[in-house]
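Letters A, B, C and D mark the chains in the order given here, with residues in each chain numbered from 1 onward.
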Amino acid sequence: MKYRYLPMTAEDRTEMLSFLGITDVEDLFSDIPKQVRFKGMLNIPDALSEPEVVKHFSHLAGKNVNSSEYAYFLGAGIYNHYIPSTVNHVISRSEFYTAYTPYQPEISQGELQAIFEFQTMICELTGMDVANSSMYDGPTALAEAANLAVGGAQPFGIPMQLGGPSCGFFAVKEKFMRKIPGRIVGQTVDHHGRRGFVLTLQAREQHIRREKATSNICSNQALNALAASVAMTALGKQGVQEMAWQNVQKTQYAKSRIARLDGYKVTFDVPVFNEFVVQVPTSVSEMNRGLLKRKIVGGYDLGRNYPELAGHMLLTVTEACTKEEIDLLVKGLEEMESACNQPI
Amino acid sequence: MKYRYLPMTAEDRTEMLSFLGITDVEDLFSDIPKQVRFKGMLNIPDALSEPEVVKHFSHLAGKNVNSSEYAYFLGAGIYNHYIPSTVNHVISRSEFYTAYTPYQPEISQGELQAIFEFQTMICELTGMDVANSSMYDGPTALAEAANLAVGGAQPFGIPMQLGGPSCGFFAVKEKFMRKIPGRIVGQTVDHHGRRGFVLTLQAREQHIRREKATSNICSNQALNALAASVAMTALGKQGVQEMAWQNVQKTQYAKSRIARLDGYKVTFDVPVFNEFVVQVPTSVSEMNRGLLKRKIVGGYDLGRNYPELAGHMLLTVTEACTKEEIDLLVKGLEEMESACNQPI
Amino acid sequence: SEKALIFEFSKPGRVAYSLPDCDVPEVDVEAVFPSKYLRQAPAELPEVSELDLMRHYTELSKRNHGIDSGFYPLGSCTMKYNPKINEDVARCPGFAKIHPYQSEDTIQGALQVLYDLQTELAEITGMDAISLQPAAGAQGEWTSLMMIRAYHESRGEKRTKVIIPDTAHGTNPASATVAGLDTVTISSDENGNVNLDELREAVGPDTAALMLTNPSTLGLFEENILEIADIVHQAGGLLYYDGANTNAILGIARPGDMGFDVVHLNLHKTFTGPHGGGGPGSGPIGCKKELIPFMPRPHVVKVGDTYRLDDDRPESIGRVKAFYGNFGINLRAFVYIRSNGPEGLLRVSQEAVLNANYMMRKLAPYYDLPYGRICKHEFVLSGRRQKKLGVRTLDIAKRLLDFGYHPPTIYFPLIVEECMMIEPTETESKETLDQFIDVMIRIAQEIEENPAVVQEAPHHTVITRLDEVAAARKPILRYKSDKVQQKRGEVYEVSTA
Amino acid sequence: SEKALIFEFSKPGRVAYSLPDCDVPEVDVEAVFPSKYLRQAPAELPEVSELDLMRHYTELSKRNHGIDSGFYPLGSCTMKYNPKINEDVARCPGFAKIHPYQSEDTIQGALQVLYDLQTELAEITGMDAISLQPAAGAQGEWTSLMMIRAYHESRGEKRTKVIIPDTAHGTNPASATVAGLDTVTISSDENGNVNLDELREAVGPDTAALMLTNPSTLGLFEENILEIADIVHQAGGLLYYDGANTNAILGIARPGDMGFDVVHLNLHKTFTGPHGGGGPGSGPIGCKKELIPFMPRPHVVKVGDTYRLDDDRPESIGRVKAFYGNFGINLRAFVYIRSNGPEGLLRVSQEAVLNANYMMRKLAPYYDLPYGRICKHEFVLSGRRQKKLGVRTLDIAKRLLDFGYHPPTIYFPLIVEECMMIEPTETESKETLDQFIDVMIRIAQEIEENPAVVQEAPHHTVITRLDEVAAARKPILRYKSDKVQQKRGEVYEVSTA
């Protein structure tokens, strides 16, 4: 096996060892006590070549039911939304995804400006004055919260990918500006007076404050914040409204159709955005198994978290659901109800 | 419908029309005789939104049998080879794929240098002195040929994509240097003596020579030549040999196993690289239908071109075929032969 | 700054590939091939790691200007935005990993793409049938001329002359020559239209065809198109449409309705190919029903619900391109058409034309405008006024590089002195046009006040002007290791500002 | 040069999105939501075309330095090559378009990835079990400390103190504080090892754990690791391994064999995450069997041939991250491990360490080397000699930018004056190391001969040093349209040379 990520040739190794005055790379590990030196080789599978990797992981991916191939009504925190094609093209620029935290602003203006724009967009959407550069996800943002608006940016340009990585946002009114956790990008000028961006309000960060820090969070979700920025830019002022409006429309349609079905009850009479609760005639997992046969991924089983809501399903209807798919769902629910009522 | 590729706003339009002293964009078409003005709207389907495009084309793509999912023994001019993952990452850099012919070398050094490197690699592989920057494909290269080496570079980094676009190469000995068709990149220096690259030996090109040109070819396959360069770089000195060696090994294995089967005959006793001819017990198309049921794409029906070779199949075995797949092919052939011999 | 060649940091033993171990019993290659067929020394291909490779090509990409890098008003080339969704669709395994010789039932999705694209391009051009086989415009031209030859021959006529206006792309006469036909050049009149008198004189019983680009390479619609069609047809010739400039007339006028018998299109121009640094393109041809028998084969047809490759076309000129043309490019073009629909395509042309007229009138006070008519999607300016001040159009082009622009097409068409051919396209915003206009005006001023800054441009590119004469006189067309200075270990202070 | 913000070229009416028309009967939104819940004015998001968008972000990307752009020896961050195949696999719809609440039978492929990765990381670290839930190293630290707390509490012990060497990452004490524990800092001895006397004094019945990075942030292997483990364990405390520097010891030494009870790993460092401009990362934790009951839930288990999410873990500290961790990053790490195998991982560490020692010895004559021992995958230099000449480490870092390099980590660890922490990684070639060494030597010479050139660096970046004080004193943390100068129509002469 040759290693395409390892450029050291035999000649390189010899030259470097010789410069160091040793003959074996092993000598560089003489500071490790013999008792803890690992003997033999790690018991993990041998290396796969690239074509074998493709084959193996395509096989594994093929075992998962995905939202390109199924009508999709599952949400409860992670959502199946339209992702503009531009998002992946932008985040696939290696200047973005192979960089780290912009410690050196002179060669990180791209990332810094994109995050500054992200902060602005989050402020616009939340009506807050200041937003940070992202959190792991909505729940983490909440755990770190005080007086403020927090939430998940996953609906903007971030694939569901089994729930992570996602992207949380954290925004506050101006007076709490200096209490916000995580990284923040600020605008300033260089020696020539040219506008530029830097990480700022860093005093609270762990590598300085250590045990006095108010948060231990070090990395953020920069690449996902970038993805969210691109998606918010692509959607823009009109698209964000249209997308939200379509969520409401599709959800209302699904809700009103399901409300008329025998055996189903829309549980709470409250305004809903893109999710609503339905009491189903049998267990939620049984319903979902039936839907899956019809190429539908059904809703979330609320009984998992709220025993009193056993038999209640949280259905999510986004702009990605077509009328045809909603009708298919309704038909499926109807048929399953009939089947429940038939004598065995 | 809003058009994401059209930035002109109503305000822009008004301003521009007003500057031009007209009120309607229609006025800009007053030079077109009324009799040839198209009335009404083109009779083509209405625009699809991006999610609808994804859905529609995923559906169509899903109707095609592809080489990720099937064992693959079809070649005859277009081949299923390993494509290093780096190739797509490089050619997806928009600086490459959204550029045109490098007429302005000062802002096209990337493309020009990559093609200069391509020319060098083709010379190395063919043993010729000079190569051009690519042709449409192998056959086109041949049609344009004189005294020289021509061929297809598709095995290096270019997907099969139903046969096109491909990439041809064209290489000659030094004395024919000034007769070579297509574009050629040469090395030179700038005003400061720094090395750079330009299109050269352009005198023969059509926009100057017009009817005196020896070829009408204007565009080349630059992006595919780039893909081939990346693949040749990735494979490199060792990988090209290893890939070729594996083609020979796998082909010899398949050939020797098939030669031992009842009802099949390896037709020509000649050295082969990765293709060989087998006489099959029934029609080639019937054989291929049977193989397809076993998730195998079989060989090429030579009877299509050579009536005397009806019932002969050209089987191609590349490094992308595993032993397991070859064994599956052999088993399939064996079973089908048995089935042929059974009384109905 | 200079950039090392991949060969210059190659080192024996490094690899950037990964193949599975050989899983079949090994045989000795020398037992398979007589040793005389085996090369004695390996090809000196690069030996680098995957990181070396990616850094190399990433750096090369940064030394290249594409549409996503900035404005690219290269006339006649329609450098419009290349939609990202096109690229995504083309990379689906169901489109990328399929072979042209698979049985028809295993490529129905691909054949449907081709069939539907044929149908929609026929509607867009007003033609009766389309072949997607030609790999690029020039091959489309040649294919069309071969069909025209076959058509005339089938009628027992020997017609060998192709009439071509002096504004035509150079490929037109070159294609005619390659197709074994003779060319007759006719001039343009003072309005940029075909000189009708010359045309009347040129046509005759030997006229095979007139090749016309409409709008022309001057960006002007041929106002006498109907009369031209009459003249050519009455002489028994056919009318050929060079579709390079179709971006001006989508949904507005169709070649088929103008009297053209055959057309070619450049899908990488009008229909967002993309350009790929010079290709691959795609140059479908279309024709009226009289010429259908002569079209290339195979042709994609629909029988019931099934798509088939019809190869049974005895009068066909045959196959002009291996397999069925540049499927990958045709697919992208089809995604683009489907993403626009009839209204979108109409707006494409309307806005391309409005942008061009706006720029033309804004620049007219500063550069000579040889033709004062309404233009279509592009227009030509002449730098003759600037030339008198010692600055050539080439210098203006080079100066534009300093502002991050790709310059217009220059010195074409040949009939306009110091020509600049500017095509803004519809995908550029008014702000971009205004900024470019400002820079053009600034350069015009610089030429009056400080011509040296233009003559010596570019100043801010990675290299300055290259010695093209030296390149052609003593060609260095490949890397040779023995000629090369040792690059390894050298350290450059880079400048990215 | 400055770069306009996306808001500055936004224009009402432009769009870069595309949604299907609404295909269900429309209802009035005001009938659904009381109007008090509806926002009155739309959010002022950008309004641009798709080309505007792509040009904007393409230009931003060019103003950013990643690993593919050049050498990035940022100590402690393991900026190694990020394989492209990882990115391709992670984008498969079967991995990207799946929901954490799908039933287990519909995500068997994904669960197998997680299960196998758990198994292999357990082998690599010498631990008995792994949880992939923490989103990053810091969360892994906190998770581990919560498990340690729960462990002690389950034994009826109240242990509140976490001992941390002065070389530790700042996240260690911060995580301890957030986990409700107190920290005790102990110093390092002159060889960079833990001061054993201080440790002996610090441990006691209140010791919850010692957090140790090994190799340490000085790049040094803790030579007394077994004695340390003894001291801590005998006091009833646990040993916690900060895995930031695991890249030095793959297949060479395992935390589990050194006596550590709990570990975290940074998959975006050792296992090619990638870094993403600061995240997302992934920070799995591992532990010895005594601590398994306290691990986060759910845990991926295998029952027969089926993979399941085991949520029935009554002693678990609970869920520490929504769903099951950063699956997309875990998947990339797993592809990397599978692409390397046991031999590949061993070579990774051997060559990372050889590269680091080579650079350390080459640079030692020019910069002070505070610890003369063999280093592991990284090493620290001190700029105190240069400081005496008026040039600070920050200046050296900025000067490195002029040569296309990302500088090392600076001013960390805090115990080394004017510290530079250099981690070359194993994916860099000897040529790259030699070139960097040459530049470092050149800078050392510049400092002696012409310090201003270093003090005023960088000279060739898109902007020069930024006023960080002003940024913090009067923070501008978002764009506000009324404050902004009109950017439209401005023309810049760009410089890309």
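Quick note on the criterion: a contact is a pair of C-beta atoms (placed from the backbone, for glycine too) under 8 Å apart; a residue touches a chain by one contact, two chains touch by 3 or more.
Here the structure is a predicted model, which means the values were calculated and not measured.
Engineer: With centres defined as the mean of C-alpha atoms, identify the chain lying farthest from chain B.
Structural biologist: Farthest chain from chain B, going by C-alpha centroids: D.
Engineer: B-D or A-D: which has the larger count of contacting C-beta pairs?
Structural biologist: By the number of C-beta pairs in contact, the winner is A-D.
Engineer: Please report how many Å separate the Cα centroid of chain A from that of chain C, as a whole number.
Structural biologist: Roughly 41 Å separates the two chain centres.
Engineer: Please report how many Å separate the Cα centroid of chain B from that of chain C, as a whole number.
Structural biologist: From the centre of chain B to the centre of chain C is 17 Å.
Engineer: Which residues does chain A have that touch at least 2 chains other than itself?
Structural biologist: In chain A, 1-7, 12, 50-51, 54, 58, 68, 82, 84-86, 88-89, 92, 94, 234, 238 touch at least two other chains.
Engineer: Mind pulling the residue numbers of chain D that touch at least two other chains?
Structural biologist: As it turns out, chain D has residues touching two or more other chains at 1, 11-12, 14-20, 48-52, 54, 58-59, 62, 67-69, 81, 83-85, 87-88, 339, 427-429, 461-462.
Engineer: Residue numbers of chain B touching chain A in their complex, please.
Structural biologist: The touching residues are 2, 4, 50-51, 54, 58, 68, 82, 84-85, 89, 92, 94, 234, 238, 320.
Engineer: Under the touch definition given earlier, write down the residues of chain A that touch chain C in their complex.
Structural biologist: My answer: residues 1-7, 9-12, 49-52, 85-86, 88-89, 94.
Engineer: Touching chain A in the complex: which residues of chain C?
Structural biologist: Listed in rising order, the residues are 11-21, 48-52, 54, 58, 83-85, 87-88.
Engineer: For chain D, which residues are in contact with chain C within the complex?
Structural biologist: Those residues of chain D that touch chain C are 1, 9, 11, 14, 18, 49-52, 54-55, 58-59, 62, 67-70, 81, 83-84, 339, 402-404, 427-429, 431, 434-435, 438-439, 442, 459-462, 488-497.
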